[in-house]
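This report concerns only the one structure given below.
We call the chains A, B, C and D, going by the order they appear; numbering starts again at 1 in every chain.
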């Protein structure tokens, strides 16, 4: 029998995320585990190094709540809306404290996770030529091809202590499937020492095994499976619910004002014991608006070979 | 149709520049609506590629971000970002990379990182995202932005994405597959680059704008083409598509 | 309207495969385009450099037929059976002529295609340490990490002139989907200058677009789509037909004897004008034996977002 | 059950060695049937990984090759080979790599490339396949092979896959995650490696074989453990599984 790794979000974060950790909650617009971010805030973790290609609203919330001392990233903004004001206050005005930044391009961050996943000492890429990025980040270095001497750039592996991946489904052993945008979640999970998978649905092992090409992360890399439907809100889960753009717009107003931000955290994070309370608080009408009509992939035949 | 806004003109001119292009890497913001318009007018066969991991998107609504679920449903391919950046972009399949800029210099070098000093910036901008590698690896780069003396500057505060570096010959000497910026479209006009010097040249002013407006909104001594054109007015079809289909709430083109 | 790239195998090979080309017919046990190999033999191509991780029966046939001067590979055998005798005769006895070999490990070959696909001057990997492979292949070279100086090995990009990929399905524009073992077909196709996709089924574009995560190769990389059901025999197509192990066993006997090999080529390749004739010649009973029972993947929901 | 063949004993001893192991990288040939037997006896939870691109295979029949379709149907994951080799093997997830060998030396260094000279070999063998990287990156390496003075040799003709190099300390000095060969199972006995010298040591002889048989089938002066064991006989269950379920036609275990 495969190990049962199902845990509550509270227990998973309590056990696996520690003060001072390097934490990656990944997902490019899609499948961002806000629920895990909120639990990290609830448990008042401190001195985290947060990694993410696109520190968006979830990291603005976490950094606004004071969990982090450093941010490793490649694009910092509220996508389609504007700025992340809690982060900007710390960077521009050291308010309430400075925030250390380590900055790459997207491909650089992707390459860092890929090098971590592949246990390579560096990842080569054709980027950064003639830019100022290597000047401000000593982790972006030239490397020369042993075939003809052509120069490219290299980034070092990124090996988070913990990676959190939200997914449509997994089995109890942590075998995880995602469809739609898969971002760099696979690389982040393989690169990490500990992995929390958060799912819309817990499914039988047979459901995963019926379509092995759809598996993104094998259970052997996973430490905890948290069943948390709608745990990606206001981000989205392809086929389950839409991105809540209204929230992204509202966040712009909230995060401009430290007091409003504190009030929001008190009400929506500290004021809810679990993500289910947060979901209920949003209300059935909001969820109805966010639910798409079906668009099925169709089935393929793997063949039964005996 | 009613008279158009400067932003509408910017989107229309950006869309028209895509005529004949095959694979376009779509950035966040204005490029998003410009390619949607191009797909419905001058470039019906254009394949849209997004750094989020989508190739051949056919969005049923105007995507609100480059990671919108409508980009995936019905797309030709969805893939990991490592595959998108390595096989598609670095692999040389992208004809046009569409970028925005907070600051642009006369050679098309782009800053989207900071205004002011890097360590203690006056304004912390989003940073590169995929722009740095798009600028190096896409065959051509189109820049779409609102123009002012604060954005068209003599000296950018940070080089996030290389344009023609310090002149035309320099990029060629690097041996990159990307030929560099070829088109800049603003709310005032359309620009190309001098093949000898690599410097930006005003090719066309939009209706209602004058050369002097463009010069006033440029932080260096702007070169103007001998045969300066005036951009043809937006057509009724273009305006109807923007207003009724693509941006009925005026999110992109209010300005 | 997307371009229609559907072509006959005869036309695709005539137009896209040239004497002296570097040709990769890839597929790890699964989806090996024997039909394309046979057409290359029929059209009597010469001086090819053949690339493949596992030169198996199809390359033994092609090399036995005299189309190649060089082989780039990582494991040479008749999988589960034994040796490739036509190739061994050329290597061990220069009979009827020497065959140039360029040899890697599997990961080295995979890395070469990956570097080709990614337009990188080299691919780093933790392999080859303390082995004799770098001594006999100057294309396996050490490279030093710019982060701490750790040594790893590197292989150069492999960019075939032509890659042939057999797939379960594609649309007329060449957008190609595969399930089951995907080997290194994606990397080989992206690395190649010209790509021939050979499919069990031509499907409507909507079928591909209903499941975008299943797409392996986009049409923009594809030059010709050849509709050739059962074109992978005696290899297999997951869900369509099983590997014909009887043939692999028979091949051992055939390829031991140059005359038997010549006779087989005369009868089954030169003696058939198209792959359909070859399929018919095998007979309905053989095909019935090779057909698996169904095992469906199930469908997932992408959501209709308007 | 009737008396067993030497190949049956080899498979049984190979299977037993997998007890307590979690993730096993399965090579072509004999390892294939040994892991299938282990999965049904001492290691029911073992996850099988194949270089063809499968993790967590649950084959419904004995696969005839490492790329058999029965390995994919019902598996946990099917993936590209680049992912398998980089994320799973090089990434450090493989506990045991199961290899065969044409020639093996006293330090467990493996030749599967050529017998004779590389440029003009007497016998051209298959080559590395994934063996070279398995030997370097799998936590442990098990070797399964038929033993003779031609296969257990003083000096291998080509080093395809590193064992303990020239001694135990040398591999540790390389800093590889792979600890090297730990078990060699042949048709005559089971071997381990001396932790100080890195040299192979006969730990157990199979029933019916004598130490002298093993020494005669070894091209160097073979070390024998002080507490030499005799492998317990194959059980009825093991033999029934091999004969009735796994290899009814005797493809693997005829010898």
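Everything that follows uses one rule, which is that a contact is a pair of C-beta atoms (placed from the backbone, for glycine too) under 8 Å apart; a residue touches a chain by one contact, two chains touch by 3 or more.
The shown structure was predicted, so the numbers you read here are calculated from the model rather than taken from an experiment.
The chains that touch chain C as well as chain D are A.
The chain with its Cα centroid farthest from the Cα centroid of chain C is B. Computed from the mean C-alpha positions, the centre of chain B lies at a distance of 40 Å from the centre of chain C. Spacing of chain B relative to chain D, judged by their CA centroids, is 57 angstrom.
Here the spacing of chain A and chain C, counted between their Cα centres, is 37 Å. Taken residue by residue, chain B touches two or more other chains at 54, 68-69, 72-74, 78-79, 86, 90, whereas all remaining positions touch fewer. Chain contacts: chain C has residues 114, 119-120, 125-126, 179-180, 182, 186-187, 210, 213, 238, 242, 292, 295, 302-306 touching two or more partner chains.
Taken chain by chain, the contacts fit none of the simple shapes, being neither an open path, a ring, a star, nor a full set of pairwise contacts.
Here, these are the chain pairs in contact: A-B, A-C, A-D, B-C, C-D. Chain C meets chain A in the complex at residues 119-122, 124-126, 139, 141-143, 145-148, 150, 152, 154, 156, 168, 179-180, 182, 207, 210-211, 213-214, 238-240, 242, 292-306. Note for the complex: chain C touches chain D at residues 28-30, 53-54, 73-77, 79-80, 87-88, 91-92, 103-107, 110-111, 113-114, 125-133, 136, 179-184, 186-187, 236, 238, 242-243, 245, 292, 295. Across the complex, chain A is touched by residues 28-29, 51-54, 64-69, 72-74, 78-82, 85-86, 89-90, 113, 118, 120-124, 126-133, 136-137, 158-162, 165, 170, 174, 176 of chain B.
Residues of chain C that touch chain B in their complex: 1-2, 114, 117-120, 175, 186-187, 190, 208-210, 212-213, 215, 218-221, 302-306.
Chain B meets chain C in the complex at residues 22-23, 45, 47, 54-56, 58, 60-61, 68-70, 72-79, 83, 86-87, 90-93, 177.
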